[in-house]
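Below: one structure, written as structure tokens.
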Amino acid sequence: MRRILVVTFAVLLGLGALPARAQPAPGYGPNIPLEAARKILEAGIRDAQARNLAMAVAVVDTAGNLVAFGRVDGTQTASLGIAIEKAKPAVAYRRSTKVFEDAVAGGRNAILALPGIMPIEGGLLILHENRIVGAVGVSGGTAAEDGQVAAASLR
Amino acid sequence: MRRILVVTFAVLLGLGALPARAQPAPGYGPNIPLEAARKILEAGIRDAQARNLAMAVAVVDTAGNLVAFGRVDGTQTASLGIAIEKAKPAVAYRRSTKVFEDAVAGGRNAILALPGIMPIEGGLLILHENRIVGAVGVSGGTAAEDGQVAAASLR
Amino acid sequence: MRRILVVTFAVLLGLGALPARAQPAPGYGPNIPLEAARKILEAGIRDAQARNLAMAVAVVDTAGNLVAFGRVDGTQTASLGIAIEKAKPAVAYRRSTKVFEDAVAGGRNAILALPGIMPIEGGLLILHENRIVGAVGVSGGTAAEDGQVAAASLR
Amino acid sequence: MRRILVVTFAVLLGLGALPARAQPAPGYGPNIPLEAARKILEAGIRDAQARNLAMAVAVVDTAGNLVAFGRVDGTQTASLGIAIEKAKPAVAYRRSTKVFEDAVAGGRNAILALPGIMPIEGGLLILHENRIVGAVGVSGGTAAEDGQVAAASLR
């Protein structure tokens, strides 16, 4: 999973010396079941609490619909919606929200006009047998912290 | 409507039927913490599964913001949002959504113009020490089933 | 409905019942100034507090834009917006929101499709020298209580 | 952004400049009561009038819900809503709206995609005993003037 993700970023960002199309974005698989979503959610919440960060964690299915959600007590209000809004475009555009953040940071403001975009790190695809089964979104810390907790939730 | 309201609160508090106006709508207390919300969510999910019903369960805080959410696999898509939209007006209007359903059923169509209303059973206040700390919303079955699972989640 | 309208205006003006059509809907005058709006707001808040009711009070100008707003501590969340949403259509349709409530209660459900309607008592025109200068909206109690506090705010 | 954030909080708290990360964003406390909100509102209105500026001033609680609102006569219509829309994200994101304005001015356009953002100076947190109890939003002048009146309202 990690490998596919990294390659996807590299291709999108035009950074690597990787052959184009060597590894396309993964396709959609079945929807993540509640039990799997709950484990990701709980791993994210635990990781946030271990860092003493008040964060919201959301898991969505392949259609971007909410499967599981939780938040550490005291999480800032805006982050509740943003966690969901990071997971949704990750699935809909089949890439991490960091790809959008980096693109905008690099001057590609047109990205901001894409429907349902959230150009802040913290939204990651959930893959199973090389297919997308959902996404996780995290919000409440800095963009980098959100990304770290999202990654930790998938480990 | 006043009488229905009082009885609904009485049921929530486990006190049985009370004379009208004996018990005004409770005030807002602190926000429900994640741990308490998680228990309500899990009790609701378990009860839905025991009934073999595919349902979504949402817990919101005193501001109507999402605290915890889960859904049984295969829940119909519309019910994901409706579970949240039942919990929100329960808190905002300080009453069960069944009060709205009964009022509309009784011919009070003006209720339908109220902002953020969801006039279907299944949204219940969560009280702690006689104060509102949040609400639970359930959707996916009939209105009566939604109400039963919501009540079971609070037991 | 015209008859109801006229009587409503008559009550507003403190003139008692008048023959139908004896008094058409008043026209728009200048916008209510902040000082006058503040007095109405404070009179409404004081009256609500005297009744031990947690209510929101809003004053809007002839365009329905907010001039002054306040709420008793602990007012239910939904009532904050509803107070404003009662004042707006009072001005826009040049009549008390009770007129809408009575019409819907009488079976005229088509009223519910009117833009910006709020068919619940508690929105009253503010008149100065027989012209509309704004409206006050009150929410937080029963429809009748809302109407009483709105009337008290104009005395 | 972190540094600006900390300084903004430090100014609010009257503590002067602090080293970065010395002071994390404050947590949410209880909602500001009407009396305190009214004093802030009136101080803001008086300050605007003293500067001969037609401005709107809004005070919201920890959930971003309106507590008190007023406007100088003749305030431009758009500013009525903007005053509220500055106060809301200050609370929801636990920082001054100037932080957003500065970030966008510095090229961080991704900020513009955040939900409910208002990237113009004039929205400030209201703190009590180091906790967020609400926010004040001011609109009607230049961004700098809005910020000055907002600050004056809290003195």
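Letters A, B, C and D mark the chains in the order given here, with residues in each chain numbered from 1 onward.
One rule holds for everything that comes next: a contact is a pair of C-beta atoms (placed from the backbone, for glycine too) under 8 Å apart; a residue touches a chain by one contact, two chains touch by 3 or more.
Source: prediction; values computed, not measured.
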Copies subunit C and subunit B - interface residue numbers shared by over half, same or different: different
Selected interface, A-D versus B-D, where C-beta contact pairs are more numerous: A-D
Distance from the mean Cα position of subunit C to that of subunit A, given in whole angstrom: 48
Distance from subunit D to subunit A - Cα centre to Cα centre, in angstrom: 31
Subunit B and subunit D: spacing of chain centres that average the CA atoms, whole Å: 34
Touching two or more other chains - residues of subunit A: 77
Full enumeration of touching chain pairs: A-B, A-D, B-C, B-D, C-D
Subunit B to subunit A touching residues, read off their complex: 31, 33-34, 37-38, 45, 63, 65-73, 77, 80
Touch list for subunit C against partner subunit B, complex: 54, 74, 76-78, 81-82, 85, 100-101, 104-105, 109, 112, 117-120, 142
Touch list for subunit D against partner subunit A, complex: 2, 25, 27-28, 62-64, 89, 91-94, 108-110, 112-116
Residues on subunit B engaged by subunit D in the complex (per definition of touch): 62-65
